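Both complexes below contain subunit A, partnered by subunit B and then by subunit C.
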Partner chain A sequence: MKKYLPLILMGLLAMLPLVGINTYLMHIIILVIMWSVIGMSWNLLGGYCGQVSFGHAAFFGVGAYTAGILYNKFQISAWWGLPASIVFVTGFALVIGYICLRLRGPFFALATLAMGVILRVTAENLSFLTEGDLGIMIRERTWVDKTWYYYIILLIAACTFYLVKKVIGSKLGYYFVAIREDQDAAESLGINTTLYKTIALCLSAVITGMAGAFYTNYMGYIDPKVVFALHDISIVAIMIVMVGGVATFWGPVIGSIIMVLLAEGIRSIPNLGAAHHSFFGVLLIVIIIFLPNGIMGDNPKLKKILRWGRTP
Partner chain B sequence: MTPLLEVKGVSRFFGGLAALSDVTFQLYKGEILGLIGPNGAGKTTLFNVINGFYPPSKGEIFFRQQKISDMQPHRICKLGMARTFQVVKPLQRMTVLDNVIVSAYLRTGSREKAEKTAVETLHFTGLFEDRYVVSKGLPLGRRKRLEMARALATGPTMILLDESFAGLNPTELNESIGIIRKIKESGITIMIIEHHMKVIMAISDRIVVLNYGQKIADGTPEQTRNNPLVVEAYLGDAQNG
Partner chain C sequence: MTGPQVEVLLQTLISGLLLGGLYALIGIGMTLIMGVMKIINLAHGELMMVGMYIAYGLFTFFHIDPYLSVIIAAPLLFILGVLLQKYLINPVMKVDSILPENQVILTVGIGMVLANLATIFFSSDYRSTPVDYATKAWYLSDVWKSSPIELSLSFPWTVSFLFSLVITAGLWFFLTKTDTGKSIRATAQDNDAALLMGVHVEKMRVITFGLGSALVGAAGCLFIPIYYLYPDLGGQFTLIAFVITILGGLGSTVGAIVGGIVLGVFESLTSTYIGMGWAPVGRFMIFVAALIFIPGGITSLFRRKRLGR
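Right, the complex of A and B next:
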């Protein structure tokens, strides 16, 4: 039963548009799936390989701008950004990895944080390519209806889930976890830690980049402050995994459902909309104190708390 | 007969401190070489240099006729030299079996083969019963054993054991000595650091003694025991005592 859960879920999700739900709800679901993809990719690097990145906005932004620039400068469909972003983001990931992956632990985290900011400032200033702060507008939308966007991101999510599952079950996954647990021990066991960390980074970056390219197509407008945002992309990617469960398959999915609904919920409260970041901050503190392994990771603990709550 | 491992004039400095100075020795196939010396003599540093964690400041190291003193640890391991750590480094949140599977993956890409090697190694080291225990929860004696199992699963021709006996109780000690003899019988060359003199005298074919980073003796256990320099290093100068 449990083995077929992803397939059953996919089937149900594939039938969802046939039910005919309203546009706003569809938008939320698309966002949830997009964030699951980003969460899963972050989890691959941060959760399994233990390299905590505070700069995933860099890859998201590069992916988004690949699509945007292809459309704006070369007058071809922004959908070409999806395959093209694989190439460009891999290139960026190799450069960022070369610089950052020689650092360990918090130093790696800080270096990636800086990378994200550097790329944002670069995008703001390379206005001949990126139009700077004006941003890039996709003037003709491919579809008015959201159904096809939904199917595309669902396909990306399914592929990502399958890929993560395959990678983690293989030699690669064992090596990632070994590096997370003890890098020196891993090295002494014959694992080329630099190589495998770079592989983890590239995989993670490419998936995030594809989500970015999808974002450009879906939203139809990008600017550096949105797609390279530290608080709205990099931090949210971390939170999704932390809330859902680090190094679990379903953690990022659960996390993104919670985070997107929470963000939308708080934004819709009058006079309090802009405060959603404060709520995220409080939530993160609560999660770290009470559920350090996230909802999926601390499943037994959570059940205990709930049961305890029921019996007076 | 060409030596399996050849250490030629190796020095290693940390700032102004010479942790190793001009150490030279050879290790031949099938031997058990004991490495002893008082605390701070540079034994673990020597392991770290041979193993590739620290490049030597001076000198060269050859393993199976290849120069390894400029290689990274993972390449040296691939060549067939495995090590254990004095301060054990288990992959904490993985089970014992997974720990050993990780190292067995070095020689194969397939999950089945890696698991087969790992299970064999666990039987060999007597850890099979503990295979599903998360290694964080393992007592120290078994963790030291796990270090050995992990090193063996990489399919080495030579193995460096760093104080694999420290902190063991007498029963565990005897088991570990048995395992080391078995490792030797399987044709793997061993170099071992140990403070437990009774153990090292009993199992070593040859002993190298370090003191203040310098090699002061190299010979059979019998020769080492009677070497005045070694006695002095351990017990202090007899004339002034």
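Right, the complex of A and C next:
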């Protein structure tokens, strides 16, 4: 049963548009799936390989801008951004990896954060390419209906899930975990840590970049402050994994459901809309103190608390 | 180089130096926390923002000069830092988890809450303290009548710079001459050895976090007469502090001072010769260059030289 759970879930999700749900709900579901793709990719680098990145907005933004610039400067469909972003994001990831992967732990985290900011400022200033602060607008939407967008992001999510599962089950995944647990020990066992960290970074970056390219197509508008946002992209990517469960397959999915619903929920409450960052921050603090491995990761602990509550 | 060009260059260097002095103060707070606690405080800029809002509030409601509010804001920030360390960061440092970077992510959460609370209470308008000496300046021609070039020294910038020098000197005195300061440095050098020597490590950590917060709060008060204020300003100063610490060498106070000044000068050179919008990129170019060419920071260069001799 457990083995077929992803397939069953896929089948159910694929049939979802046939039921005929309203557009807003569809939008939420698309966002949830997009964020779980980003969460899974972050988890690959951060959760399994132990390289906590604060700059996933950099890859997201590069992906989004690849699609946007293809449309805006070369007048071809922004959907070509999906394959094109693979090439560009890999290039960026190699450069960023070359600079940042020589740092460890928190220093790597901050260096990637700086990379995200560098790319944002660059995108703001290179206005001949990116239109600067004006942003890029996709003037013709491919479909008015959201169903096809849904299927596309669902396909990306399924591929990502499969890829992560395959990678983690393979030798590569064991290398990643070895690097996370003790980098020096991994090195001494003959694992080329720099190489495997770069592989993890590239894989993670490419998936995030695809999500970014999808975002451009789906939302139809990007500007540097939106796609290179520190709090709304990079930190949310971390939060999804932290809340859902570090180094678990289903953690990012659970996390993105919680985070997207929470964000939408708080925004819809009239006077609290401005405070959604506070809620996120408090949630992050609470999760880190009480469930440091997330809901999936600390499942036994959570069960114990619940049972203890029922039978005191 | 012609006369006006020299003038622009010298003026840029002067303002870079003044800015660097203030940056150094921000960097020292970060490097202290990093050295003693081995964590990166990503709420550093947000703490500075809190300090700036305190100074702004005191100025608007009680008409207290921003420079005087250092005396009030720094102790308040010290208390805030102590509380954060005691009730949020310390418990997390004891918890076992897969990712060791949990404390860093925790400080991000703290920063988010602080920035968001500031937005709620003060709205996201840009604010400043309109002090009457804001545009006052000293000119070289006042002192030296026949000077071939004209240079100016802005009054608030200079005062802020001097204040930051005084605070840095005070900190140096505290760290090298007092018992508590020596214990803090011992904790930074070797946690376990300090513990064995009878240093109350836990207490030193709390004090250090408070001290770092107080320093950056003071820097906020010094910044507000020459800068403007908005709730999201913290993030960029966190990054500046981090760039300074990388540039200067991790956990080194002298390095933070040198790094701050280098960064200030470099930034003002980029904004003069390339463009205002590119100043942040210049800041990070120097950061990337430091990572690639001198990963140990500027202090490692000194050390290498000493070894060679």
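Everything below uses one rule, namely that the second predicted complex is superposed on the first by the 310 of 312 C-alpha atoms of A that agree within 3 Å, B and C clash if a C-alpha of one lies under 4 Å from a C-alpha of the other, contacts with A are read in each partner's own complex, and residues count from 1 in each chain.
Methods note: contacts are C-beta pairs under 8 Å (C-beta built on N, C-alpha and C of every residue); 3 or more make two chains touch, one makes a residue touch a chain.
The shown structure was predicted, so the numbers you read here are calculated from the model rather than taken from an experiment.
Peer 1: Taking the superposition as given, does A:Ile289 touch the first partner, subunit B, the second, subunit C, both, or neither?
Peer 2: After superposition on chain A, A:Ile289 lies in contact with subunit C alone.
Peer 1: Any idea whether subunit B or subunit C touches more of subunit A?
Peer 2: Ranking subunit B and subunit C by residues of subunit A touched puts C first.
Peer 1: So in the superposed three-chain picture, is A:Leu94 touching just subunit B, just subunit C, both, or none of them (first/second/both/neither)?
Peer 2: neither
Peer 1: First (subunit B), second (subunit C), both or neither: which does A:Tyr175 touch?
Peer 2: First partner only, subunit B.
Peer 1: According to the stated criteria, A:Asp184 is in contact with first (subunit B), second (subunit C), both, or neither; which is it?
Peer 2: So A:Asp184 only meets subunit B here.
Peer 1: A:Asn192 in the overlay: touching subunit B, subunit C, both, or neither? Say first, second, both or neither.
Peer 2: In the superposed model, A:Asn192 contacts subunit B only, not subunit C.
Peer 1: After superposition on the shared chain, which partner residues are touched by A:Leu113: those of subunit B (first), subunit C (second), both, or neither?
Peer 2: second
Peer 1: Kindly classify A:Leu129 by the partners it touches after superposition: subunit B alone (first), subunit C alone (second), both, or neither?
Peer 2: Touch partners of A:Leu129: none, neither subunit B nor subunit C.
Peer 1: Could you say whether A:Leu13 touches subunit B, subunit C, both of them, or neither, answering first, second, both or neither?
Peer 2: Neither partner.
Peer 1: Touching subunit B in one complex and subunit C in the other: list those residues of subunit A.
Peer 2: No residue of subunit A touches both subunit B and subunit C.
Peer 1: Can you list the subunit B residues touching subunit A in their complex?
Peer 2: The touching residues are 51, 53, 72-75, 77-78, 82-83, 85, 89-94, 98, 101-103, 105-106, 109, 111, 114, 150-151, 154.
Peer 1: Which of the residues in subunit C come into contact with subunit A in the complex?
Peer 2: 39-40, 42, 88, 91-92, 95-102, 104-106, 108-113, 115-117, 119-120, 235-236, 239, 242-243, 246, 250, 275, 277-278, 280-281, 284, 287-288, 291-292, 295
Peer 1: Which of the residues in subunit A end up touching subunit C in this complex?
Peer 2: 46-47, 50, 52, 54, 99-100, 102-103, 105-107, 109-111, 113-114, 117-118, 121-122, 124-125, 180, 230-231, 235, 238, 242, 246-247, 274-278, 280-282, 284-285, 288-289, 292-293, 297
Peer 1: Help me check something: in the complex, which residues belonging to subunit A touch subunit B?
Peer 2: 169-171, 174-175, 177-178, 181-182, 184-193
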